[in-house]
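One structure follows; several queries about it will come next.
Lettered A, B and C in written order, each chain numbered from 1.
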């Protein structure tokens, strides 16, 4: 039955007087793929940033798994099981693919500095476990071939996938994807869509994503929320939203 | 009370000099986005060149012109050879490059012109002048007045003239500036040339005050707190910051020093600067806010 | 684009080559030379003028590299941390003589680390270049404290502090060979610990903070802990170097040898040697120590000694300055990367 894992109620956010988000309310069911779409500047990235603790809402509240997310700091959001990817991958450029993915597990590390320095058993065991988890995720996303490459040398599409791996390795409950397909060609987009759906199917991760490619969005998501000038103008399954006059008006009738 | 005022006044006068040096930094920061650690070495080079020329009986005005020409050439060369190749790198990288640059200029100046202390006589006498209940040095007053005049001239230049306004545009958005036709190389050369000139004046004034020697380069270490407090991007900030640091240093030396048993001026200004960084990172007049985690 | 995410963009930068892969054989050879060949062949001059200062400055550079090269936290406080290590070890040796030498050395390092931790606190609010300021403040303040507060130097005037006898397990280590042994062992042990840390989750967290602090925070890397640990470990390592400088090299504890110039020297070592490269610290230190000697010999040979010491040191300044700029422009990963490329031209 209805099991909202995420609920936004009347969330508002302003930047220096400009209202980025205006009384936004919607909810996301556990295990669904929910897409946030809308013209540029509609407030999608801001909404995502609020869910993640990077921005703080001025009004309204957000509940995650039934508990309020109040003034949450990004690290704490990660602790609660909210992961995210970034619009431009934001990978650690000097590190290898494996190291980047391992960084995604940093918050689960229990070994201390001393244990790291002296190679004590807890560190060795943890390192082994983390490496296994990272390798598993790399296989899942077909990144094994790039495992030891420095990320700055990789093509953009692969970098975005590494970003996904880094977010996925810690098996987040909620995954926020910020334009995961931006800058990709058709084939790469299809691959990415496949991986996103697989992540949900395999791990039960709830996914909220921002995307501009309407075609991809419609076929991938279960639930679409449409924003325009910070307000919600559409909310429902893809087919319903696609035919909603208000939504069409927002896009001036031009799907991408 | 009059002792306090005297100390304060002395500090403020020194502060004007700090401000002058700081303005050189602000100019370069606005143009190239870097804290030019080599500024102190440039000040030294300017003073050394001038003094070496006058010691060889070159007339004052000619020595000044030659030095200016050399400084401007140096400044432009630096911008070309060092800064442009590093244009997209981090601030720390740029800072380290200017560190290397300061070594080159210091080493080079001293190699060519010697490392002994030179007396520099600008013809400004150093006599006690009584203003109300306090006594000040006439040299300090003249130096402060000259520096102050230059500061005002620079302020007018950058706030009121086309080049000045262009510079602010470039600092805000180089791409946009390019697209409306501002010629960046010319602009940068102009700014660095002015910075070179400022270095010359500062070098002469400082040199006359305490002799031209190696320690002039440490003037740059006093400029950093001034810039942090006043803001890296504002000439007004450099002035206010300079006055604050000058006054604070002088007062701390006299009143705090004996309490702690020694000369506190090496670190006091830095302590003040750190406090500012924690509370008001952009400085009093600065524009760029420092990112927080 | 939201400002927080703008900061999360990966910096445009050439890829950092992996740390020079010193293959097992090469490393074994190096260690054989260091531990066996040198003690059999080296003269006192080599110990005193080259090997010992080289090893110590390599360690000091290593400390700074951990903080600045790996974790990206700028610091001009290396001299101060070395001073803390030196004075702390001195006081431990003096006031707790029953502690064995290695414990006093380690204790000096840990105390320096604690000071480094405090100095690193502003890094939680201040980022990038501006971090220079608190570290400079610390450098000046700590120098001043050691000069002012007589207790640290046991109320002796600075020229009269003599190092307590270096004795371990009954061996007197105050001969050049003995001091070399002490230095080599200490440096080796600390380097191994540093190497382990760099390869561990701690080292990974450091580099993540360096490469993308905002993204790191968002994905759950403990940023504050990473920064503070970088300062702690870096300062501790430099502290041990400082203690060695005082006892294994100078023979006295002198605050003047740990001034701002020392901090600059450490920074040059890691720029020239290679940021975020352990071997780079050694390469850079070798460079810094050998260049003045080479320059002196060269000038004597080529110019018949017409250049005096002051002129040579000026030339050296010019050379170092030019090299720093050259490396920053052309090879930001220093000599270590350059040498790495010579070994693997296909890369």
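Definition applied: a residue touches a chain if its C-beta (ideal position, glycine included) is under 8 Å from a C-beta of that chain, and two chains touch if they have at least 3 such contacts.
Values in this document were obtained by computation on a predicted structure and should not be read as measured data.
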| item | value |
| --- | --- |
| Chains in simultaneous contact with chain B and chain C | none |
| Distance-to-centre winner among chains (Cα means, whole assembly as reference) | C |
| Per Cα centroids, the chain farthest from chain B | A |
| Chain B-chain C separation of Cα centroids, rounded to whole Å | 31 |
| Distance between the centres, which are taken as Cα means, of chain B and chain A, whole angstrom | 48 |
| Separation of chain A from chain C, taking each centre as the mean of its C-alpha atoms, in whole Å | 41 |
| Contacts with two or more other chains, residues of chain B listed in rising order | none |
| Sites on chain C at which at least two other chains make contact | 11, 214, 217, 223 |
| Shared-contact residues (touching 2 or more other chains) in chain A | none |
| Partner chain A, residues of chain C touching it in the complex | 1-2, 4-5, 8-11, 13-16, 18, 193, 196-197, 200-205, 207-208, 210-212, 214-223, 229, 233, 276 |
| Footprint of chain C on chain A - complex, ascending | 45-46, 49, 52-55, 73-75, 77-79, 83-84, 86-96, 99, 102-104, 106-107, 109, 111, 113, 116-119, 123, 126-127, 130, 150-153, 166-167, 170, 178 |
| Residues of chain C touching chain B in the complex | 3, 7, 11-12, 74, 122, 124-130, 132-134, 136-137, 140-141, 143-144, 147-148, 213-214, 217, 223-224, 260, 264, 267, 271, 310-311, 313-318, 320-325, 328-329, 332 |
| List of chain B residues in touch with chain C within their complex | 35, 82, 85-86, 88-93, 95-97, 99-108, 110-111, 115, 221, 224-225, 228, 260-264, 266-267, 270-271, 273-274, 277-278, 281, 290-293 |
